[in-house]
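What follows is a short report on a single structure.
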Amino acid sequence: MVAKDLISFDNEVFSAYVFWSAVLVLKLLFMSLHTGRLRFKTRTFQNPEDLIKKGFKVGFDNPDIQRVRRAHLNDLENLLPFFVIGFLYVLIDPAPALAINLFRAVGIARIVHTIVYAVVVMPQPSRLIAYSIGLNATIYMGFQVVIAAL
Amino acid sequence: MVAKDLISFDNEVFSAYVFWSAVLVLKLLFMSLHTGRLRFKTRTFQNPEDLIKKGFKVGFDNPDIQRVRRAHLNDLENLLPFFVIGFLYVLIDPAPALAINLFRAVGIARIVHTIVYAVVVMPQPSRLIAYSIGLNATIYMGFQVVIAAL
Amino acid sequence: MVAKDLISFDNEVFSAYVFWSAVLVLKLLFMSLHTGRLRFKTRTFQNPEDLIKKGFKVGFDNPDIQRVRRAHLNDLENLLPFFVIGFLYVLIDPAPALAINLFRAVGIARIVHTIVYAVVVMPQPSRLIAYSIGLNATIYMGFQVVIAAL
């Protein structure tokens, strides 16, 4: 099958990729909103021009904000690879059940990662497990795509 | 219409996505060049091996460089979602006038964001408005894609 | 030729893009693994809940870890543009020999960049050369795509 023909909502693998990618894009943007909420709550901003109300201050050491920032950066580091390799993986025509479960695994793992890292902090190894599932699924797809494109 | 058939320069929505994405990629790379220029101007670098001329120093607290770095990171956080969701949004066959204006809004908003944050610093709420337009347009597209892929 | 017809493994430009993108995704994920390895080796972590063994500490100033973090962030800043513009560049039907060599140049340059920055630190201008090759190739593709989409 030619790669382009797999880009169709009749292809359940493509649909699953689109669904989970869009969910994860929204989850990624949630980090921005979460950071913004914490900035107003703690009145802690990054730039002098942001101090538009009395009591606002510039600061880079609020532990709650820094935690969300770390979770956000970890998201960028892991979601960029998923968005790219997930799409290319669709185009190499993988076994549907496997592919759909990989996308689901990454999607759920990254949502759990955000919750236990930046919403309700949970003891390890909760974050490590969520992180590893997403990372390993992405690495697996990466190798499959490299092999298919050789 | 099948998703793949929308990937064509005959489709004005696809063309608009390609145009604004490429413009925003170049804008994103401009941040790297801008940071590099400021590093040479202020002789402030990040690594010992970068000190190739007398007067060069390692430093992480130059306010101008840190400002550009924050603008750059904000770009990564907002452009990655746009690049992904914009492409998927093209594939769900949206109303052309709406889609083209959303891409245009994100493109212009992010260029303005860079200017008022890192080139000619402007008082708030200029940056907040630019930021919000880009963010809300991206969130809107994200929900549309999730709904279409359900 | 319609853009969608270029999305095919019969198109050697598309195949080269897929191959180098997947290699660079794996290289990007290597940075995460490399950071993790250094965290355990130096027992230096970012969060209180990560201190699951005696001797583990929270710290943000280990020079080796910070170096890998800078290399990782530089990767995000440069690979996101490449992944996006490389794909769009495939769709404007470029001369195959040029396109394939551009992808190869970016792929090799970014691998070399990682090695000389974060694995075996090499004197400048090794990192600057690797960085510039990747950046200039990406900027060139960006302008070509903007022109084609006008």
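Every chain is named by a letter (A, B and C) in the order it is written, and numbering of its residues begins at 1.
Everything that follows uses one rule, which is that a contact is a pair of C-beta atoms (placed from the backbone, for glycine too) under 8 Å apart; a residue touches a chain by one contact, two chains touch by 3 or more.
This structure is a prediction, so every number in the text was calculated from the model and none was measured.
Between chain A and chain C, the superposing rotation on Cα atoms measures out at 120°, rounded to the nearest 5.
Both copies, chain A and chain B, contribute mostly unmatched positions to the interface they share, with under half of the numbers common to the two. Centroids of chain A and chain B (each the mean of its C-alpha atoms) stand 18 Å apart. Each of the following residues of chain A touches two or more other chains: 4, 7, 76, 80. Chain C makes touch with chain A in their complex at residues 4-5, 7-10, 14-15, 18-19, 21-23, 25-26, 28-29, 31-33, 46-47, 49-50, 52, 72, 76, 79-80, 83.
Those residues of chain A that touch chain C in the complex are listed here as 2-4, 7, 67, 70, 76-78, 80-81, 84-85, 88, 91, 117, 121-125, 127, 135, 138-139, 142-143, 145-146, 148-150.
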